[in-house]
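What follows is a set of structures to go through.
In the two assemblies presented below, chain A is common to both, partnered first by chain B and then by chain C.
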Partner chain A sequence: MADVTLTVDGKKVTAPAGTLLIEACKTVGIEVPSFCYYPNLSLQGACRMCLVKIEKMPKLQTACTTVISEGMIVTSDSEEIKQARKSMLEMLLGNHPLDCPVCDAGGECELQDMTFSYGAAESKFMEAKNHKDEQQWSPVVFFDRPRCILCYRCVRVCGEGMDVWALGVQNRGVSSIIAPNKEDHLECEECGMCIDICPVGALTSGAYRYKTRPWEMKHVGTICTHCGDGCKTTLGVRRADTGMEIVRGDNRDKSGTNGDFLCIKGRYAFDFANHEERLTQPLIRKEGKLTPATWEEAFQLIGKKFAEVRDRDGGSAIGVIGSTRTTNEESYLLSKFARMVLKTNNVDHHRTADFPAFAAALRGKADATASMADVFTAPAILLIGNDPTEQHPLLAWQIRNNVRLHRSRLYVINSQAIKLRRQATNFMQIPAGAEGKVAAFLAGDDAAADAIINSSSTKDQWNSLRDTLRGEQNLVIAFGSEILGSDLSSLVTFGSAIAGAKFVCLADYANSRGAADMGLYPDLLPGYHPISGSSEFHTEWGEIPQAAGLDLSGMVEAASTNKLKALYVVGSNPIGRLKIDSFAFSNSFVVVQDMFLTETAVVADVALPAANAYEKSGTFTNTCGDLQLVKKAGEVTGTKADFEMIVRIADAMGFDVRKLVPIGGGTHADMGQSRGAQSGEADRHAVWLEAHGLEPKLSPFDPMAILDEIQRLVPGYDVSRMNLLAGNSQHTSLAKAGPGVAHRPESISPANDTLFSSGTLGHYSRALKSVMESHEVKPAEVAAD
Partner chain B sequence: MPVLKNIAAIAKGMSITFMEMFQPTTVENYPDGKGPLRGARFEARFRGAHVLQRDENGLEKCVACFLCAANCPSNCIYIEAADNTAEHRVSGAERYAKVYNIDYNRCIFCGYCVEACPTDAITHGHGFELATFNASNLVYRKEQMLASRPAHMGANVVFNQADVDGGAPKEMVAGS
Partner chain C sequence: MKFSEEFEARFAEMVPHYPTKRSALVPTLLYAQDEVGFLSDEVIAELAGRLDLTELEVRNVISYYSMLTTKPRGKFNLQVCTNISCLVRGGEEILQHCAKKLGVGHKGTTPDGLFTLEEVECIGACSWAPAAQVNYDFHENLTTEKMDRVLDKCLAQAQEQLQRIKSVDSLADTLSQRSEG
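Presenting the complex of A and B:
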């Protein structure tokens, strides 16, 4: 749109026509205060804090609802305006309880800040305050009515942003109250967005309530460890008897791709870390029972056994199962450790999407993968399969708000009436399991049409949909794990004919993509290079076994015929999650690294207490391929990061760890790069050194040393190191990835998590279990708007 | 003449010395004096060991807002907050201090905590006999600092009744 020039406080401001005055002021550094205005939400004009003087207009005007016009002359700061704002504050404080000392928002409250700025410290009101007791709306949401200043941000973010519409307004005028959708409680997605967006302490978090104060915590912006979307969550940590305890998750750091968004898992489900069933010392099976042991004892035993099996039965008698929740560095290290030290290709992980086929299909195509940010800006989106509202909450948020704010066109093809159909331009329901046929049909196979037509759609509709999609530009095509193998490549064939089309392959766990990229496959090396071919890894890693190894089901089979002598499970629970018989590995020597005594850990011969992703540093790759930095927040005494444990086992096997982790110099010292929560000036210096590639990698436990190798060797990971360390997401590309290998469709088993479950971790999160919504599965409700 | 001036000054000074020699002594007779204070006397504004006050219902005034700890220049106050429940009500507001420690190894008695307190929960008492042979004794817990319950609230359970009473004699409290 054409630009408009106006004057604010004597400064010339130029902004596109249609910009709101409050936003135009921001561009030149003039801050107009407001409570009810919130970017990307509908306008309210309720709080009257943003009043400004506009020449030739009779009274003070609200900057948040006034659209700029040519030649406008605006005063944002004068005695009159100050007085108006002060009076507004006095009114707001009229019934405010002023219980800042106990209020959870005290210290990060916008009303406090405004009162300090405009000084309405003394009230002319004589009337007694109208007190109402605090209400609990759900296990995680509390409402304190007298503190509410009626800015309606919560109502709007819940409705417009989340499309949940669980909050509303009762009564009129001064007696308006915010009310939940089910009389005295909330039934919603429990995302807690209303709490984060509340400028005061009216809505407070059940998890953090009255525990501490904002300035008493250290705030660490890291990546959520639950689903594959890679939201940035800010964890508030404080010291505790057992190390550093995480007491709050919120969205204070809005620098992530998720912006304002967090779901219940990112906000509340950090509590598994504080679960009392956490393992805090190594356990070794002695006389049939897991008994506490020292780390030295455990590492020596594992090292001895693994070396024994390798030398006696060959590496192929050892199986390795990696994790979808460890960092890229750990997955890469495990992949390398298995091949170089254990001499085995029996490497696998819980696969939830067909990334090798995805990489193969996109090989040589630059800019063919969409980042999470692209989903918010794309002019059109095609979604096949999956239910992002439940399984990919951030993706659903990006899609919803793209449709709402940018009028993006959304095409949904699904076997269920998923909630996102409410935003869809076109929703096509198909018979269950026909997603693959949709891909074939879109790619031009008209014979596939019969399989996708159901009672609600006709062949003509499908043909016209296909023509419409072909006519789109910069289309983002997101698809769930229903589409794999050859269907995936036909979908890519269809998409490649569309100018600027980009793809998103949806996988379920926080670092599923990373596990795949780092080569936790029996037949693939990092970057989807086949094990039997030749690649940089073959030269760098030296002698590695050339024959493809066993996948998970192959390992189970080998164990049943007593051919699998040892199994090394890192942060995974195959027995619990993949319905494997508990006795499958009873003849093997099983080592499990995990946080809890999971179904897999109870059958282990050695169980090692692992730190979770909130307790270590590294990087995660989300399902779109965005690489992000994971920072250490919490700490539980007695646990170790998987990285350290892998290195220690290699050492115990007599392997030169410097070949595994490329560290320099001759000393072994941690210079503080991994200290995280207790860091200070020294760490800031370390960050600067790292950003310039100067960091001294002196410790064999330094994930940054492996990150160097990943960035050097894994295709697509050569992103800006400085931006990565600064906390920005960096999109990786699959254009230069290896050719991949075709896998059996059965090897992929989706997690089928909902908003309120999260694999094995979900079992240990009280917050997820406490909300009533997690106990019932209901169909998506009909449109409320 | 500077010499004469100097002599005059010395004579003036010494005259005060000789005059005071015959006045009654004003030096405190601590610790050999009478009464619980053993001869020590205080101005009302004296900043001694802290006292955590109770309200008229005997509930603790402290609501664990952490402002004293935030304001403390020597970082000697440690607080852990907890939720009041209907069964277990400790303070008048929603939150109370489950743990409230002051490390007198570090405290400099500046009084900023008292100034910061929004509920007048923490005050300086007149307790000054803090010396000990073991530094760990100098970390005072909440129970050691709490004021006694009002008489009508029944038996007092605080450890340092004598300290509290001794540190704040009646005539001083009235003026403070």
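Presenting the complex of A and C:
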């Protein structure tokens, strides 16, 4: 749009026509105070805090609803304006309880800040205040009505942003109140968006209310450990007997792709970290029972056993199962450790998407994957399979808001009437299981049409949809785990004919993509390089076994015939999640690293207490391929990061750990992950180094050393390290990845998580459990218009 | 739920007049209230369904307008204005007079279900203050005597209707006693 020039407080401001005055002011650093205005939500004009003087206009005008025009002369601050704002505040405070000393928002409250700036210290109101007790609307949402300043941000974000429409306004004028959809309680997605967007402490969360004050916490922006979307969540931590306790999750740090968004999991399901069943010391099976032991004893035992099996029965008698929630550095290290130290290719993880086929299909195609940010800006989106509202809440948010704010065209093809159909330009319902046929049809196989037509669609409609899609540009094509193998390559064939088309392959866990990229496969090395071929890894890692190993089901079978003598499980619960018989590994020596005694950990011979992703540093790759920095927030004494444990086991096996973790020459210091008496000291050094943009790469437990190697060797990971450290997401590419290999479709088993479940982790989150018990989510009754 | 044929005819006629269905909400609510007497949960659910709204949205609108109610009220809804013009011209006395006569206060309904009394803000009849409204009819330049006549007329009307329904004798008795007293 053409630019418009105006003057604000004597400064020239140029902005595109159509810009709101309040936004135009921001571009030159002039902050116009506001309560009800919120970027990307509909305009409200309710609070009148943003009043400014515009020449030739008789009264003060609201900057949040005024569109700029050529030659406008604006004053954003004057005695008159100050006075107006002061009176507004006086009204707002008229019935405000002024309970700041106990209010959750105290210290980060917009009403406090404004009162401080405009100082309506005295009130002329004599009326008694109208009190109303705090109400609990759901396990997540609490409402303290007298604190509400009726800005309607909550109502709008729930309706417009979330498409849930669970909050409304009742009555009128001074008696207006915010009301939940079920009269005295809420039936909603429990995202907590309304709570975080509330400028005051009227909406508070079950997870955090009355726990601590904002200034008593340290705030760490890190990546959510639940689904595969990679939201940035800010964890508030404070000192506790057991280390650093996570007390809050919110959206204070809006620098992530998710902006304002977090679902219930990223915001409130951090509580597994403080669960009382957390393992805090190593356990060794003695006389049939798991018995507490020291770390030394555990590492010595594991080292001895693993070396014994390897030397006696060969590496192929050892199996390794990696995690979809550990960092890239840990997955990479595990992959390397298995091959170099254990000498085995029996490596696998819980697969939820066919990334090897995806990499193979996209080989040589530059810019063919969409980042999570692209989903918010693409002019058109095709979604086949999956239910993002439940399984990929951020993706759903990006899609929904792209449609709402940029009028993106959305095409949904699904066997269910998923909630996103409400935003769809075109929704096609297909028979269950026909997603693959859709891919074939799109790629030009007209015979496949018969399998996708049902009572609600005709062949003509499908033909015209295909033509429409072919006519799109810069289309983002997102698909669920229904599309695998050759169907996936058909879909890529179809999409590649569309100019600028980009793909998103949806996988379920926080670092599912990382696990795949880092080569947690029996037949693939990092970057989808086949084990039997040649690659830089073959050269750098030296002698590694050449034959493809066993996948998970192969390992189970080998264990049943006594061929699998040892099993090393890192942050995974195959017995609980993949329906594997709990006696399957009874004859193997089983080592499990986990937070809890999961179904898998209870059968272990050695169980090691692991730190979770909120308690360590490294990187995650989301399902789109966006690489992001994971930062240490919490800490539970007695646990160790998987990274450190892998290195310690290698050491106990007599392996030179420098070959595993390429640390800097000569200096010896333990900077980041150490615990015990010196930990405060070491942490302070680490903090100092970090603050100065330096990386402490001195310890064999330092994941950054492995990140160096990943960036050097894994195709597509050579992104800007500086941007990564600065906290920005960096999109990786599959264009130069290895050729991949074809896998059996059965080796992929979707997590089928809902908005309120999160694999094994979800069982240990009270927040999620309480919500599940309190209600089942039903989608809101109708669509937005 | 079932509405009368008349309601259905009006509804069908009205909806296409608006660009979006939801715009027909306020008149629909009024018609439904006239017919049922108040906006019950059942009515709310029904209309939300018909107009593609959430029940919450329908409730939000009802709560905004004082003419719409979710609670049953008397056959005659007597709204006495006590806003500024009426106040200076004796609106308060009219209200007190009615309260005494009917034996109920603001938003109260007489036990026989005939009258609901309500104190309201300006009803736009300031030029003829003090004013009151009985259902959709305005009564202006009121005095207590004039108010009595209005109430009596209501009673007579109710009585007449009741007499037509012969089977409800006992209630008619109460009414006649009342009009005598």
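The rule we apply is simple: the second predicted complex is superposed on the first by the 745 of 785 C-alpha atoms of A that agree within 3 Å, B and C clash if a C-alpha of one lies under 4 Å from a C-alpha of the other, contacts with A are read in each partner's own complex, and residues count from 1 in each chain.
The definition used in the following text is that a contact is a pair of C-beta atoms (placed from the backbone, for glycine too) under 8 Å apart; a residue touches a chain by one contact, two chains touch by 3 or more.
Small disclaimer: the values here were computed from a predicted structure and weren't measured.
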Touched partner set for A:Asn171, first chain B, second chain C, both or neither: second
First (chain B), second (chain C), both or neither touched by A:Gly106: first
First, second, both or neither for A:Asn181, with chain B first and chain C second: second
Partner chain in contact with A:Glu216 - chain B first, chain C second, else both or neither: first
Contact residues common to both interfaces of chain A (with chain B and with chain C): none
Chain B residues within the chain A interface of the complex: 63-67, 69-70, 81-83, 93-95, 118-119
Complex contacts: residues of chain A adjacent to chain C: 165-172, 179-181, 780-783, 785
List of chain A residues in touch with chain B within their complex: 99-102, 106, 134, 209-213, 215-216
Complex contact set, residues of chain C against chain A: 20, 22, 48, 52-57, 59-60, 63-64
